[in-house]
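Once you've had a glance at the structure underneath, I'll fire off some questions.
To keep things simple, chains are lettered A, B and C as they appear, and every chain counts its residues starting from 1.
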Amino acid sequence: MHVAALHTPSQIQLNQHGQLKHFLTIEGLSKQTLTKILDTAHSFINDQNQLVTTPILQGHTVMNLFFENSTRTRTTFEAAAKRLSANVLNIDIARSSTSKGETLRDTLWNLEAMAADIFVVRHSSSGAAHFIAETVCPNIAIINAGDGRHAHPTQAMLDMLTIRRETKKPFEQLSVAIIGDIKHSRVARSDVSALQTLGCKDIRVIAPNTLLPFGFDEYGEGVRLFNNMEQGIRDCDVIITLRIQNERIHSPALSSQSEFYKLFGLNQARLALAKPDCIVMHPGPMNRGVEIDSSIADGPQSVILHQVTNGIAVRMAVLALSMQGQLQEKGLIEAISV
Amino acid sequence: MHVAALHTPSQIQLNQHGQLKHFLTIEGLSKQTLTKILDTAHSFINDQNQLVTTPILQGHTVMNLFFENSTRTRTTFEAAAKRLSANVLNIDIARSSTSKGETLRDTLWNLEAMAADIFVVRHSSSGAAHFIAETVCPNIAIINAGDGRHAHPTQAMLDMLTIRRETKKPFEQLSVAIIGDIKHSRVARSDVSALQTLGCKDIRVIAPNTLLPFGFDEYGEGVRLFNNMEQGIRDCDVIITLRIQNERIHSPALSSQSEFYKLFGLNQARLALAKPDCIVMHPGPMNRGVEIDSSIADGPQSVILHQVTNGIAVRMAVLALSMQGQLQEKGLIEAISV
Amino acid sequence: MHVAALHTPSQIQLNQHGQLKHFLTIEGLSKQTLTKILDTAHSFINDQNQLVTTPILQGHTVMNLFFENSTRTRTTFEAAAKRLSANVLNIDIARSSTSKGETLRDTLWNLEAMAADIFVVRHSSSGAAHFIAETVCPNIAIINAGDGRHAHPTQAMLDMLTIRRETKKPFEQLSVAIIGDIKHSRVARSDVSALQTLGCKDIRVIAPNTLLPFGFDEYGEGVRLFNNMEQGIRDCDVIITLRIQNERIHSPALSSQSEFYKLFGLNQARLALAKPDCIVMHPGPMNRGVEIDSSIADGPQSVILHQVTNGIAVRMAVLALSMQGQLQEKGLIEAISV
């Protein structure tokens, strides 16, 4: 766990014109860039609130490289790439690589030489996507679909799009609470960073001490820690509940599901402490009755399923923008047009 | 085994204009609706007897949810959806769902929120597709690709299309024999129901007593039972042989493959008892020398491979019609146009 | 091992006009046909050295039937077919066939009846693709994606395209060395045959005796055997290093990796014996430090990644040409137009 890494700016994501050419982490991206992603994502949703299909990536090839299995996230990227009319190839990367004694670098170079334009990378090691973008395939648009405990930047951006679309308020005026397993969550890290960049002044991180990272005070500007649910949640505009990973339960960090629900589960009494129009979010998959009461998950303040739809729009946006940033860097197009 | 369930009409398949919006079971559908499916399927086959490719589902997303593995059926739906220019996503539903403690309902809602338009559902439990259409995702077009021992309605409709195209006679004038493991066959149930609705007056069910369902007399109008192959097959226009599932062999229901072939296998002597232009069908995969003699499977009266091609056309039809029925219900189109 | 089989001409690959309708093996194809494949492949690479996307196979269906797993080769065919705008279906052929007691012939006929136009076949048995084309599905364009130890004809053609594009010399003037496990390599067989047909007069096969096939002298015209790396490599224009299969190591044929590298590995001292502009090729996946030194694999004479890109172009060419040859045979088009 290196909280300091959260603050390492990552300029390799940008081309010589300052435009996105990879999408690896929220850190180091400007408010302008994040807003461009949100605007682009929004443009892929029509007036009937439906995702559009466009020819933006026609003739381009997206390869999904999921070193770590995640059917759900892979499906969202596949759906997003197909809505952009890309060719999509799901590579059985675990099998195709090391099994034959080939180096990972050679495997990736081979895939690049098969005329891939974009790699969507999911890996259990922090910094894997960053490493590929920096040292192996800088001319392929690399999209980070989750790496280790570090970053899950498309999840953060879909959360931001959801907050923007649902609250209809500027980020500067919002109070946002993030509840649960902060320590092991790639979502929490990326969300805090995106909220800070977009100007949110009141971010509350709520968790038992055992589920908070060390060095928490390094989170920086606008972030406060709460061990007490009732205090943390008061007058919030947005509540983000996090998933308790099954493997944490019955570990020293967490005595039981029911114990967690009793102290930190989102129930009606606690939700009543937030603002009346407070929205409730969850990255999924949900443990109903652990992080969140079922009546809230299915209730009028829940925007959990809107997050999923916004997730397709955000993935369309980072795929399209990163591809255009690559083409612009190579002099093949003059300006970003999406 | 609930034979009574066969006769439960299922009006949830139709929208407010009486048009198909899900395709779950043959039961409860009118002759007019079945004929519409057959006409639409036929329209997807051109004068050179080839399947066409059309943009009808362009921009729409079909998700294959095969809780029970069936490579063959999944492939036919994937081929059909691609010929309609849909985006097709094969979801590893067994892995993506319960493994993370998420409820099935939440998994399905998530997939819906990924902007799915159609779910193709295969499940080992009778009524699974019906349950999803009725209580989980009524706004997604649900296509039943086989559930438990109950229904396999696209197989029934491809059998009907094959009978119509090959015999070129009205169903009212046909004698149809169905031979084999009636008790465990989802095909038999759906075929009998479709034949009855389309007006067939002479349906003969031929099987040893151990492979007949209880309560057989509830099958209703036009259906007769035969324990004797030679009697049942006489003067038929159509013979449908069913697959003997491997797991039935050496069970109390069936002493041996050779015993079955001896008593109920379709051989040349028996086929000679049917009408000279009788056609022979089988849903596949075939056990040659068990249900059917190889010389008949490959002979001039066999239309077994035509069934497969008709199966793509029928799946194209139910995908296209159900999608249009959903859009019509939502007021997004005025009339069904395929 | 039947070296004689290398010389069996295979006229079933050609239609009545002498045009390709399957692509099974290099043997029996004329210089004119191989040149047509190379020209067509070349036409799919634009002036910026990028693969094009074209509608040539729009509305046609390509099925990948990989009886033997090869993620890499399957991916290249999938990428190629999608660039030609075909519908691509990856069939889990191992599972869909024998598991249900169906004959392979019936499985293939079923897939054909699902309106497949092209089968890409990979099988561990020599002659499998040939068998399918000759006796099971002659009206489907069959593309051999590697069979047993016999043929890997698309690999050979991508090697030829790479030699042509990189050396810019006629094959008649080139000296080509092939180094390594000749005995077990489907690549070596196909490469030698293609080089001979294209007019190469100086082909050198370099290997320890244990990795040479029996009956080597039957290789025929223009081929010489070398047990000594330094002698074999001298003044070459092209060096093709072959992969040592992991399963050969520690077998009686090969004492150790380091022993092989010492005697037959391509290092800088040996490469210096070839012509100064000699190109270095490898079919992948590479064992760095076994067949080839890393500095050469990544050095200025290596064209290994160009081979991969050329592989997509060559696969596009054989898919497009074989499809057109089938359509021409059936009278559906008059002439090959790609």
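FYI, contacts are C-beta pairs under 8 Å (C-beta built on N, C-alpha and C of every residue); 3 or more make two chains touch, one makes a residue touch a chain.
These figures come from a predicted structure and were not determined experimentally.
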| item | value |
| --- | --- |
| Equivalent interface positions on chain A and chain B, same or different at half | different |
| C-alpha-based rotation, chain B on chain C, 0 to 180 degrees, nearest 5 | 120 |
| Geometric centre distance via CA averages, chain B-chain A, whole Å | 42 |
| Residue list for chain C, restricted to those that touch at least two other chains | none |
| Contacting residues of chain A [partner chain B, same complex] | 48, 50-53, 69, 71-72, 75-76, 78-79, 82-83, 246, 284-288, 305-309, 311-312 |
| Chain B partner contacts - residues on chain C that touch it in the complex | 58-59, 61, 87, 89, 91-92, 95-96, 100-103, 106-107, 109-115, 332 |
